[in-house]
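Chains here go by letter, A, B, C and D, matching the order in which they are written, and residues are numbered from 1 within each.
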Amino acid sequence: MSATRIAVLGCGRIGRVHADSVAINERAELAWVFDPVEAAAKDVGGRYGAAWTTDVDRIFGDDLVDAVIVASPTPTHIDLLTRAVRAGKTVLCEKPIDLDIARVDACRGDLGDLVERVMLGFNRRFDPSFAEVRARVGDGEIGALEQLTIISRDPAPPPAEYVAVSGGLFRDMMIHDLDLARFFLGEIESVSALGANLVSDDIRAAGDVDGAVVALRGVGGQLATITNSRRCAYGYDQRLEAFGALGALDVANQRATSVSFSGVDRTGAAGRVHDFFLDRYTPAYRAELDAFITMTRTGEPASPGFEDGRAALLLADAAAESLRTDEVVRLAT
Amino acid sequence: MSATRIAVLGCGRIGRVHADSVAINERAELAWVFDPVEAAAKDVGGRYGAAWTTDVDRIFGDDLVDAVIVASPTPTHIDLLTRAVRAGKTVLCEKPIDLDIARVDACRGDLGDLVERVMLGFNRRFDPSFAEVRARVGDGEIGALEQLTIISRDPAPPPAEYVAVSGGLFRDMMIHDLDLARFFLGEIESVSALGANLVSDDIRAAGDVDGAVVALRGVGGQLATITNSRRCAYGYDQRLEAFGALGALDVANQRATSVSFSGVDRTGAAGRVHDFFLDRYTPAYRAELDAFITMTRTGEPASPGFEDGRAALLLADAAAESLRTDEVVRLAT
Amino acid sequence: MSATRIAVLGCGRIGRVHADSVAINERAELAWVFDPVEAAAKDVGGRYGAAWTTDVDRIFGDDLVDAVIVASPTPTHIDLLTRAVRAGKTVLCEKPIDLDIARVDACRGDLGDLVERVMLGFNRRFDPSFAEVRARVGDGEIGALEQLTIISRDPAPPPAEYVAVSGGLFRDMMIHDLDLARFFLGEIESVSALGANLVSDDIRAAGDVDGAVVALRGVGGQLATITNSRRCAYGYDQRLEAFGALGALDVANQRATSVSFSGVDRTGAAGRVHDFFLDRYTPAYRAELDAFITMTRTGEPASPGFEDGRAALLLADAAAESLRTDEVVRLAT
Amino acid sequence: MSATRIAVLGCGRIGRVHADSVAINERAELAWVFDPVEAAAKDVGGRYGAAWTTDVDRIFGDDLVDAVIVASPTPTHIDLLTRAVRAGKTVLCEKPIDLDIARVDACRGDLGDLVERVMLGFNRRFDPSFAEVRARVGDGEIGALEQLTIISRDPAPPPAEYVAVSGGLFRDMMIHDLDLARFFLGEIESVSALGANLVSDDIRAAGDVDGAVVALRGVGGQLATITNSRRCAYGYDQRLEAFGALGALDVANQRATSVSFSGVDRTGAAGRVHDFFLDRYTPAYRAELDAFITMTRTGEPASPGFEDGRAALLLADAAAESLRTDEVVRLAT
């Protein structure tokens, strides 16, 4: 079969991650890269031998392009994904669809069934460890799932200018964990959030929190907690425990080597956990792309799809509302 | 120094635990055991060579008795501890002081400074692992404490008749975890609870939940989550993680041996974690008794004391209220 | 059933360990303690409320004594155990029976069937973890046992005066591991040893080694290695791996608490492993005594018995010969 | 700098591993592939867009080729590496140089200083975990190295036809571990080996062993054990412990995910360890190639080099001799 021809829109950090995945995927060809900044587009295009442009319409107009990865700044997502699907491409859109649920809903009404051509970049669903646990839960290995514990902490807070446009911890960072909660529990019924400002004055100044715990209840009565922090001394802390009637499945942190030290004052001391999201999630991005190529080729509805992106945003909004109102927020389900 | 003479009131399961601790403690002597059921009192007294009685006044009237451990049913706690401290004894009272905060407050007003002679049986504070983490947090090893994660699951639900008089999951089971949260965070400002009924029809019928997650915020802005379940397939799940600016300290589950198996379909498989609270917490009961003896001898205020028992009950009540009202409950602090 | 009346001969460190085990065993009574040094005998006897004497014949002449634990210096073992069994007592004899195989053989000829009344103090066979692995190997969980890896390191070298009379690393320290090897593999066919002097000048001056690795082959063709060191920075290193056709069973080191630390430069760092043989093996001594009491009551042959003590000494001698001759030593089997 | 142009000689399994590493290395270009079987050469060449040939002289005659990787059958190694270095190429030669030490020595005499242009394919030296431990030992983190424990077990025995030409377990399989021992200990003084036939009738019929333990002593008095088996139920078992005066550094087995399961009859059960040498050692092959490219560019002597290949073969021969003679073999040092 001929390679699936893919264009990457946006040549920043995450765009480069996707370009790299496409370049080494045997079923894909990196056809185009786009960035409004010529130097960025040229650099990434040159690196992988792909055509580059600062005019995205050239990509939408190229009938040989099968699929588009939207890795541009969040405010451009809806415009780009809309034009891409209307041009007959499938879309892999980085999260979030948009920070404003009203715009998301408008887009949804606008696109109708075409939303099924939009896959959302919730890469953690494709992490080999999380995916294995999800599959084993699905196979009934721990019986009915009853409790889910997610711990997710960044190594260090983002720059102040990023915080300002991020949409806040819930929409920017926790949205991944909220999607994971939905991945395991299905629809969520109740959300309760507490926040903290213990890490960064910049974040406080921006009116955001830098730590949070959120409690969730699924429509099946299952419970979940999510713990987030914008700083973690020992690296990028990414753990999950699924607990059920017959036992539990855990995802532990991961490290670059399997070395440990024992000496006078400690034993079994391993090194730092992965410090950087790419060290931890490169295999997830690879697997995500595989799923996107398959979806592009088969025409099946995207999963995770536009609806998953919308639902995670609703949860993030509910968490923010709970933080503001001191109430447990019940979602319409 | 002569042995501290101790009486144990109540010869049920927990009374026997205390009698056993006293019997093997080199600084203590088991002077009396009391139970209204003669056979129980006689059995425990006989086992340890202690005097036994069904008339508790004989103990309060015995000037040679230095200290009293109240291990009787919860509704009798206030009466017995009040009479004991008035009789000049120190008291180690099993949790909770009472299920009704109004009665606790009345007792508190009644006793005045004498409450300082009452130690509360929050044994987990004395568990070698939890105590080590608390001490190391106090020494600043992880910097400022920012987040606390407690997971506490019983192997199996209690009998229906126990559930009926237990006061509910928050006052009966989570109260230990709420006290641990205070042990680490100090005073608590906000409480939010979600509950579940996934384990036991008996518990549902009793109007109680059999699983819960609670989110807490301390007055210093620190966050905590507590996850409870009345059933755990792999044993008595008792874990804690204290996370701070400089790192984290974890308490893992414990097992009877350090054996693991690796074979065709799994590697590093250890056995069940301790199945029973005594297998897990016997060293904690021993250390708790040591602290009680020391407090009896020195006359210093008890720690954890009556106020800690009251504060934990207030948190349990707040959790129950949050569950009922769907609100984040703010405590007067 | 009335308690088994036990006398402890020798009130040094290991004698006190046994006296303590007897004192808290519900099936036993500490009837006598003996030591040629009156102060030692009096101290231990007084501590446990047992009769004490500097005249061991009073013990052998006491018909109420059922059993004797020989915990005196090695050169006295044969004399005491011989007189004890002739006096109708069962004997639990600390290892080794003697440092001289000729004397052991003479004793064996002398006692005939009475050797079955002598249990050898290879306490590690009763360690809950080692015993569990042995039982699971026996149950076929790893199929046919093929390879055994034993690592055994002391925290620090013994005093020079002890080294001088110890019989050397193989007879004094490795004899425990050689017995463990027999416990798992049965009879041993070949022994090969390499030694080192990297730890202690005193040990070198005494003509002994302070580190050694020994390779063994069992008559069934199974292979084993034993690694010993007289010094270990992180505590008392006691590990074992049994490897077979279907997998492996491992015994890991053990610690006082289940706490671990993660920070900027390390993760999952636990504390030191047990530093002292008693912290590690107290449960083993308790279980050993239980087996000794049962053997005393039932009259069944001791296990591990005199023959096991002799066989382990033969292996230690073979290891020493291999070290001296640079040959793989084959044992008569 | 322009890419280092590399030819891969041999298009079997290991040749493809190297071709893959070259293809994705940014500093390298896969210039040629050679195999006497046209289909193999064509397949691998085509896959990576490299020139292919069945006439190796075309490669030696191509002045644009900087470096050659010898991944052909062992009997061809000496001929190919000799011609390659005489043609001015650097060489990365798969282990062993040859199975016959006499031929190795003849080659060495023949090449003189040119041997410094030959790097030996002891890939484990480049494994991130082993390399980290070696570096930390070099930095003095565990003080003077005293004991080394290597466990290395294959998932399943090789085919009978491979066994027949393999040179035996010591030269074929353990040679990697013997090189690791030299990597850590430096020169080896004594070797003692025990062997077993518990796994495969084919291997026994070929006159080889399918399990072995080897004890080594370095010239500095350090001790090491190597345990090998041709079968391991739980995967490709690759572990190492370096023990010194100040502590130990361990390399644990590695797995595809960080998932573990806890249920009614086990806790903390992870999945199989990597099953296949490529899953375990792909990063090692990548890093090995990096070192080879650097050595090619700088002209520095290869490390590990020809002498390391020869020394490991001498150790393998010594182990075989020890097995045959039941003697501890002392090496000339």
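In this text, contacts are C-beta pairs under 8 Å (C-beta built on N, C-alpha and C of every residue); 3 or more make two chains touch, one makes a residue touch a chain.
Molecules present, by chain and UniProt name: A, B, C, D = Inositol 2-dehydrogenase.
What you see is a predicted model, and the numbers here were worked out from it, not measured in a lab.
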Note = If you tally C-beta contacts across C-D and across A-C, the winner is C-D
Task = Using mean Cα positions as chain centres, tell me which chain lies farthest from subunit A.
result = C
Query = Whole-Å distance, subunit C centre to subunit D centre, using C-alpha means?
reply = 41
Task = Quick one: report the Å distance separating subunit A from subunit C, using the average Cα coordinate of each chain.
result = 58
Remark   = By the touch definition above, subunit C meets two or more other chains at residues 142, 233-234, 246-248, 253, 260-264
Query = In the complex formed with subunit B, which residues of subunit C make contact?
reply = 24, 128-129, 132-133, 136, 141-142, 246-254, 256-264
Remark   = Counting only contacts in the complex, subunit D reaches subunit C at residues 142-144, 146-147, 149, 151, 153, 190, 192-199, 211-217, 221-225, 227, 229, 231-234, 243, 245-248, 322, 326-328, 330
Request  = Could you please specify the touching residues of subunit B with respect to subunit D in the complex?
outcome  = 233-235, 253, 255, 260-273
